[in-house]
Every structure is written in structure tokens, then in C-alpha cells.
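This is the structure I want to talk about, given as C-alpha cells.
Every chain is named by a letter (A, B, C and D) in the order it is written, and numbering of its residues begins at 1.
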């Protein structure tokens, strides 16, 4: 499109006058609103777990889980300072639960995912079912379901939280409420949701589906085995071996606002350049490597977390066999017909 | 509705005359066409495996798998003599493959399911993937996919075939063709489809779904574990613990024309009366019991097969913990908005 | 596939013995069950309205609409004698309502369409709304809705009925019941359903859709205008200008079991050979022409009705601008993934 | 939820230190992020057309349509100064085209609607079809389709533009490009899309649907007639008689990101209190009245435009029969399972 029309005196005077009537000239701002390609404040960034772990533990001394309600250090994108966001639509943080602690029950319209980074054996209770969390497990808290967390193990536990907080904010649809007690009553056996919906089967007369998967925990043991089995077959040059978590009732993404997937990169594998419009957060589960994002290299190992902005080329190089967990707002973009990708250099 | 109008002489004469013009009076047949409730020729029936097994083995001496193309004894409903059907829309048979034999590759619009009854280790090859079949496994041959069967084990193998042959016939849509060789080339590792689609995940950039599940084998080990886990929770008084097999891309039935499910009945459990419009074939996997169908009792044990007609009350009584595999045309009736059930006596 | 295996004495003896156990050899019947292409008893046929109109009027003297419940002459396919069917899954008939008569209220699982052939001004009442029927109007009676017909005009009225009777029979799902009175109460204004759903809009907070369109009458005036407007654009060489009636809530076929469409053929237009698996009934609305079905020519004019079997080539030649209404079970075949077409000669 | 934890010196020091590592304490901001109810900067506001019309015409003297690319005065929400937005996700503006002018062809991922406010006879060309715009017509420019505007009439024309610019910005998915010429070639007759998809019918072998309706113009004449016909029936006490524009292929909203509807309020009608999470823009087509939004009254007449924020009660009072056109991001919220409404006071 063309250049911004000249700001003549007559025009500037006009802009000033109409401003008092809550009007503004589109032609003066059009090129910043409707850009030829995405123009984002989000920057690539990596948080080394070794660097930030001391702060997480220090937080454990500064405040209790109960006082904090959720004791989380937000991973704030350097391009979005003060906005509590890792991308334009997503929030990410690292949550600490110490042995014996409880993060009290509440619910909100924001959807949440948990991905265990350190420790094992704490639980998340959702909809009356407690699920024990182990490293690599992908755990879901659907929108508007009561949930609380606890740690009955004898070691601190840390997990990655991913939520759609900025998106819900942009839509002006935040609702939240606490639960009268710290913990919501347990009404179902652990593993019930996985047994009911996680074996390629669902109850014969299943109730109508909600938009979030009824499976609360996709165990890493099973996901990892699937990746290993696929390792015998062909591999996508741009994305590696990648499986997305799906809703057993619909085959759609497991969550309506956050798309989640697990990727295996074989030892020595280098992906071909790839970009897409969904800014993506990666958590390293296994292996080491280097991801070059918009030309800038980021070396990573287990427990590290990094973010790739919208429409920036990324190349992953795995030094040894690596597994990455990723999440983005791709389901939102797909639902609205707006998602794009580009495979290979321009 | 009312009675059939009197067949006066004038009318009978009229019926005769218009018959020559390919016309017929609706009012003379209306009550037989549009009935207050389903009126079916299908009758309840049970095939005891012990009774028919000798015939199956005898067939193995009379004809080879290759000459027969498929060496199957059809389970023909006594109410549908000569129609090669177990219900109005479904066909069922028992197929025998002897060690070293091959049932040659072909494809057809008819969809098929296999449910292993005796033996272990034979394979079905579908779409270039060989899947080894074990007792209780539910195996799918989707419409219009090349498939062949073989037996590399050292024992005979028998499985239940379920196909939508009468339905395809009623729709006049049968297509079939042989493959130039006995076996279709193997292009994918065994277990590939299960790894790719069977862990609550699907490939990140999965191709558009076809109407039949891409998982060719739902292993019994996994299904049975799921039933055992659910056994801790509530149980449907009319149907027991029942899980249906689903398509991982859509959450719908695994096959578009045949609905399949697995039911656990605890020891001593007696279901409350139940009827539905989808005539259902049951294969007993574990346990013994008695099913009363339309007032008529049928005692069953492992490997037996029985059929419940449309809109006839059924009550199952499990003497010891039982697992039944069932299939019917419920997906068809649901897709067309025609399926009904009644829970409890009239 | 191969030939039928030889019926040796040993085999015939075996077939006889297993027959007593409700078993039959698949290999002896396989080639008749799973055919390379559809093998149908349905034959092409045309009913000239001029020939059968006298019989329709004679029926008006032999029986009242009330005694008959529905005074209809069935158009019985010559290949399906005694089966009350025009194709394997569909029923068609011509219904007569004389001035002042009522066809009493009832409901059934079978879905019905009405397409007015002669007369104007009678009504069909569905779900409490009376819709006045004019030539070329496409009127729907959804499954399990009370409906009655009446004729407040001063002339006989004849319309084509299309129902899924044979399909419902094949699925064993027929339910029906009468209404205590001749007419169901009228609760909505005429045209209400068309206003509510027929203008590219639906009520803001519309209830969940049922599988049949909530529009009961698609008026010919509007459909004909649409065809005329399209006449300026390109035309499908195999099918002419064809629009299908759709469900405003889903964009799917207007009825779940019967697909309906309207085709315009310009003066002198000859379609290229075409075949599909859905046997199709055509009613001529305007114009004259000749359709060659499986090599056999059928000349037609307004009010005539003809049927094209599954998988038989058809070529239409319009002598002057013609409009044909068509219906088939294509929605069923599509829902099950079984529908096929072939454009052009083999 | 609880209060914000005390900002002790130790904590503030900690917050400062972790800030250097792109970390932030969730507990310090949680209550502002996850609010009990939507907390929005958007305020209710009304633009009187009589007040702003002179500025629109003055813009016509200050800049040409071609230099401006689009000569539009943005309706900027007083709570979102400098953000070119009328709600958090939507943009609205009034566009002027003078006789003989052209707004040159371009395309962008942002979807647009046009709703004619003054004048008649200008055209919008979309996908090679020119549609003439009349007052009350609802016209669509789907995402990523080339479009240009022109005015062959002899009078200025003004219409309301509604776009999803802020939403596309929040998702970082803006793409745009100009067309080499001022106008995209015309390849289809005017009215083609309406004829093809707007009569309760769609082409028999219609291509797969895109997410935006293939109908580019929903004419007011037809929509108004539908409202008039419904006027005989019951009326929603909270919303009046309201019809939403739908996609003929899917029955879904006509656009994936912007929901549009038309409401009739009878003379003297006062709606019961209503609120929903989708902030809504209203354009008055006919009639006068007062809308009380969050307790604040706004008097309106034809051509006026006003906005209702998320989760604020609104009551409409029509002095005489009124028709309002409305649009919001409800399709987005529904697709994500986030939309809520409340009928009646708290």
C-alpha cells in the first residue's frame, strides 16, 4: 500500500477538531494498523532453568502458596514489560509448591495447562479428580472448573503454567471466583478421566462434549512411547516428529484457546526454516540443542524455556535426541481462519 | 392408525387395472409400511462356539483360503434365510486362516471389522501396515482399502467378521476389485497407526480425516485395562460399563456404518430391561451368563455369539465377570436422526 | 475377484449340514454380495402424467381421503413389484386431495417431501404451521412431526410424495402414531418458518438444530428466480444449472435421508454422460425433452415423473428450457462415505 | 479471591531483582489479571450522525479517496484514545465515496463489513463481483479477498465500516497487499453470489466452504420483510425480534470474527435488562428511541451509532418502530467457549 498522506496544516487542524468528537482519520494510521506482515512487540527469548531456579526457591521463602493464592514467577517477554505476557495472547509462569502446601481452590474463565518441570508426586485436582503429576505430563485445567494443587511428596515441585490470560483480557471476558474451602471435594478415582476417555474409546452414551478435553492428564510415559514408535517412520523436515494433544470427543486440539504438542528431534537433526503466525512457547523435556530464531541462536537443555514470536523464522538443531513441549494460540487462529505458516526461506 | 380399507370388488378391480401402469394403492399397504413400532423378520439367536467350531475346521479341509478368497462361515439369522445377513443391515461370519495361508488382497466399499475369537498371531494388512491380531483385539478394514490376511503362526486362527454388506446392497453402492498380487506391499511399520493416532495425540499437521478411524487395531490389553479402571466408578444399570471405540480425529464412532463397543458386566450383575432400534451382535470375550431377549433366555460363555433384534427387550445376567464385544448399525441411525432407545419396561 | 469355487459333492453336502446350524459358506455367495459395480433390480421408468391422471381422479371416487388416511397411488418401480418402492430406499406416490377434504393428522419416523404437480391452494400443516402449496413448491414434513393436509380451494389438488419408507424399513426403525383429532392445532402464522429461517438469517438465539430444515416450504417463485439469475453464468456440462435445497442451520441437505435439488436445462442443451450411485427420481416442472437412461430414451413433458437407477449413465436433452425437480438418497450415501459419481463415459 | 499480598521491603527487593531476569511475581498482579467480572476500558458512547456528518463531508475536501486509500473517519471509543478501536477487538468508521471516486483494490487478513448509512448506488467489488449498495444492506468483504469501492451515482455515499483490526493485531496475524490496478477485474454478474447461495439453496456440487459467507450482500429489502413477517409472532423480552445473518453453507455466523444481526423493536417496546460479554456496536436504521447503557441514557435516531461495552446492562426503549443493526465479536467468544449473557437484573 501507499505512503501515509502528507500531514498538511489544514489536515492537522482537522484531525485536532474531529478528535474532540471521538473521531480520527484512518488514512493517518492505516499503515500501522493493516500491515503487510505481522509487526509484533514480542521478542525471542530463552529462560535458562539453572538461572531462574534459585529465584523460584527464594519465592518459597518469601510467601506461602496460600497467601500468594498461586506462587508463580511470570516469564515476562522482554518486549511486553509490565504486561504479564510471554506472547500477545499467552501467559507463562513457573509455579512452586512445597511439600505439604496447598494452592487453594478457585475457578476462572481462563484455561490453564501445567507441564511438570521439576519434582514428582504433587497433584492437581480438577472437577473432583486428583491427578498426580510427573515430569513431562501435560495436565489441563479447563475454563471455569474448580481446581486446587497440593504436594504430598517430600520435595518441592515446579511446573510450567500456560494460560490464555492476555487473550481473555483482550476479549473482556474474565470471570473468577474462589471456593469456600481450600480444597474442592474429591468425587472420582485418580485416573478416572484417562480410563474413561484415553484408550481410543469413550463412554457409550457420553454426554455432549465441552470444548476442552475431558482427559486431565496426558502422561509423558505414553506420549514418549508414541514418539519412539514413530521414530521408525518418515520425519517432517521443518517440524521434526510432532504430535498434538487432542480432544477425544472431537479430535480437535485438547484446549480451545491453547494448542499443545510434543516434538522429537533426532540426534544431530537440523530443521529446515519454518515460521508461522502463532507465537510459540517451548519447554525442553530431554536433550540439548540450539534454536536459531530470527537469526539469533539460543542454546538449550532440559527444563529451559524459550519463545518464538509470530512470523519469525526458526531453525532447531538437536545436539542429541531432544523432546520439546510446545504451546501457542494456533487453535484460535485456525478457528477464525487466520493461521498461516511458511515452510522454507522466503 | 386405522384399519385397512375394505377391499371391495370395485377397488380390487381398480388395483388390478392400475397395476398394469406400475401404480399401486397406498391405502391397501400403508399399515404394513408405516408401522407403529419396528416389525422385523430378525429373530434372537445364539451360536455356541463349541457347536460350530468343528464345521469351521472342516471347512479348512474342504477349501483353501485362496480358492475361497475368504474362507468364512456366515452366521445367518434364522429369520433371514438365504440372505447372508445376521440383521437387516449387517453381515457376520467366522473366518478361518490356517498356518501358512493367505487370504488374497482385494478392496471393496463394504467396511469390515475383525474380532479375534481363537488363536493368536495371524495378521491383517491394511493400507500397507500389518497388524498382528490377538484375542479381543478390534481390527478395522476401512471401506475401499486394500487388505489381505495371513497366518505366520503355527496354529489355526479364527475371527469374527462383521460387515455392512446388506446395507451396501440396500443402497446399491457395491464396488470391489482384486489386487494383482496376493499381498499388498508393506510400507509402514507394524503398530504405526496406533502410535500415530492412539495415544490421545495425532500428527501436528494431520491430513483431513476419512470417515473411518486411522487406527487399524484397538488392542484388547488396553481396552480391558480401561474397563478395569472404570470398574471403581458408577455403572449404567441398563448397559453395564460400556465404552465405544472412537475415531481419534472426530470423536465419532470408529466406523461410519458399524458402531462397536466393549461392555463389562460385574459378577452377578443383572441389567435392567433395555431396547433400542439398532439390532446388535454380541461376541463373548470373557465370563458366562444368560441374556434374556424378548423373554427367551440364551446362556453364553466365551467365544459364543448372539444377536438381539431391533426394539426387543434384553436383560443380561452375568454369572461371573463378563466382557462382551458388541456391534450394530447405530452410527447410521444416529447420522439420519432415527435411532431410539427405551430404558426400563414399557 | 475369482469365480465361484466348484460345488463338489463334498461341499454341497457340507453346505447342507451347516445350514441346519444357521451357517452358510461365504465363498459360494461372495460374488453376488460384493459386486464389482452396483447390481440393482431397479429399472429406468417414466410415468406420463396424462396416462395416470385418470386413475388418480378415479381413486377420488373410490375412496375418501379420510378413509384412505392418505389417498395416494404408489409409483412402483417395475423392477420392485410388490415392494411399494421406486428405488431401493425411496418411495414415491401421487396424492390427491379433493376440495373440502382432509387427510388426518399423524406422525411417523419416515420423512416426507411434497412437490406440487397440479392445482394450487391446498395446505400442509406441519408443527402447527399451515403452508399453502403452489405448483413447483418444495414442502417438507420432517420425521416425527404431526402433519395433516387439507384443500380449501375449489379444485382437486395432486402432488408428488417422496418418502424414505424402504430405507426406514431396511433399518427396522418405523414408528408411527395417529393424532386424536383430524387436524393438529394451528399455533403459528402461515409463512412463519420461511420468514424465520429463509432470508439468509436465523433467530439470534436459535435453538439447537434438528436434522431436517425448519423451513417447511421452499417456494418455487424464489427458486425459479435464482435459477434464472444463474442462467447468466457458467453451466455444469454434466448436470446443467443445479441448486440443492439446504438446511439454513447447517448448510447440509434440507432432509437427512432425502437429497432434493432443482435443475435448469437451457433450450437445446444436451448434458454429457453422467452416473452416480444415488438412484434419482425426477419430476418435470417446465419444458419438454428426452432423457436417455442406460441407452433407453424417455421423452418427457411437464408433470411427468421418471427414475434413474444407481450407476446407470443418463443424458438429458432439453427441447425447450426445462426445469426438473430431483430427489435421491445421496445424503445417506454421503453421510456414510459411500457416494460416487462418474462424469463422462467410462 | 483474596487481597494482594503485602508489598514488604524484602518482597519489593525480590521483585526488583527478578525483573532483571524477565520474571515477575504473579501474586502481585493476579487480581488485576483474573478479575471476578470483566473490567474494561471501553465506555458507552453514541455518535449523532447529524453532528459528525459535516466532518465527513469536510474530509471529502481535504483528501481524495485514492490518496487516502480509504477515506474513513474512525469512531474511536473515548476509553481507547489513540487505539483506533471502538471496542477491544473491533474497529468502526464512516467511509465517504464521492461521485466518480474509486477506493483502490487491496486485500488483507482483516475482515470487513459495510452497512450503508447515506446515499445509494455506490458499489463494492469483491472477488470479481460488483454489488450495488443501498441503505440497510449488509455487505461483506471476506478476509484476504481483493476489494475496491466506487461511486457511479451522482451523490456522496457514506457507509459504516466494521473490521476486526484490533483482534487481528492482538493475534499478530496482519497481512496485506495492494493490487496492481485501481480496480480488480469484474468476472461475475452483479447479484451472482446472492442468486447462487441466497435462496435457501446452494450449488449441487458446491466447493468446500470458506469461513466467511459466499453471499456478499444481504439486501435490506429482504431482511426487513422477514422482520415484518415475524412481527406477528412472539418477541424476546430482552432482545426484541432479532435475526442474525448466517453463512448458507454452515448455518454459522456470516463472518468468523464479527457477528452481525438486525433487530426490530416495536413502537413503545422497552427491553428487559440484558448484558453479554460481547461489546456491541449498533447502527440505527429506522425509528427513534433511548438506550440506557450502564444507567446512562443515549437518545438515538436514524443513522446514529452507539456502542455497548462488555458486561454492562442495556435497556432499549423504542419511541416508534425501530430497526437496529448490530455487530460484535460474539462468534469469536462462542468458538472459544467464552461467551456469556445475563438476562434480567443481577
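Keep this in mind: a residue touches a chain if its C-beta (ideal position, glycine included) is under 8 Å from a C-beta of that chain, and two chains touch if they have at least 3 such contacts.
Given the structure is predicted, the values throughout are model-derived calculations rather than measurements.
Student: Would you mind pulling out the distance in Å between where the CA atoms of chain C average out and where those of chain D do?
Tutor: Once rounded, the distance between the two centres reads 42 Å.
Student: Just the number, please: Cα centre separation of chain B and chain D in whole Å.
Tutor: Centre separation, chain B to chain D: 52 Å.
Student: Round to the nearest whole Å and give the separation of the Cα centres of chain A and chain D.
Tutor: Computed from C-alpha means, the inter-chain centre distance equals 30 Å.
Student: Do you know which chain C residues sit against two or more other chains?
Tutor: If we look for residues of chain C contacting two or more partner chains, we find none.
Student: Indicate which of the five shapes (line, ring, star, complete, other) describes how the chains touch one another.
Tutor: ring
Student: Write out all the pairs of touching chains, ordered by chain label.
Tutor: A-B, A-D, B-C, C-D
Student: Touching residues of chain B toward chain C in the complex: what are they?
Tutor: For chain B paired with chain C, touching residues are 1-2, 5, 10-11, 14, 17-18, 21-27, 29-30, 33-40, 42, 45, 47, 51-52, 55, 58-59, 62-63, 67-78, 84, 87-89, 91, 93, 106, 108-110, 143, 165-178, 210-212, 256-257, 277, 279, 309-311, 329, 332-333, 335-340.
Student: For a test of understanding, state which residues of chain A touch chain B in their complex under the given definition.
Tutor: 188-189, 191-192, 194-196, 198-206, 209, 213, 215, 218, 222-223, 225-226, 229-230, 232-233, 236, 239, 242-251, 254, 261-263
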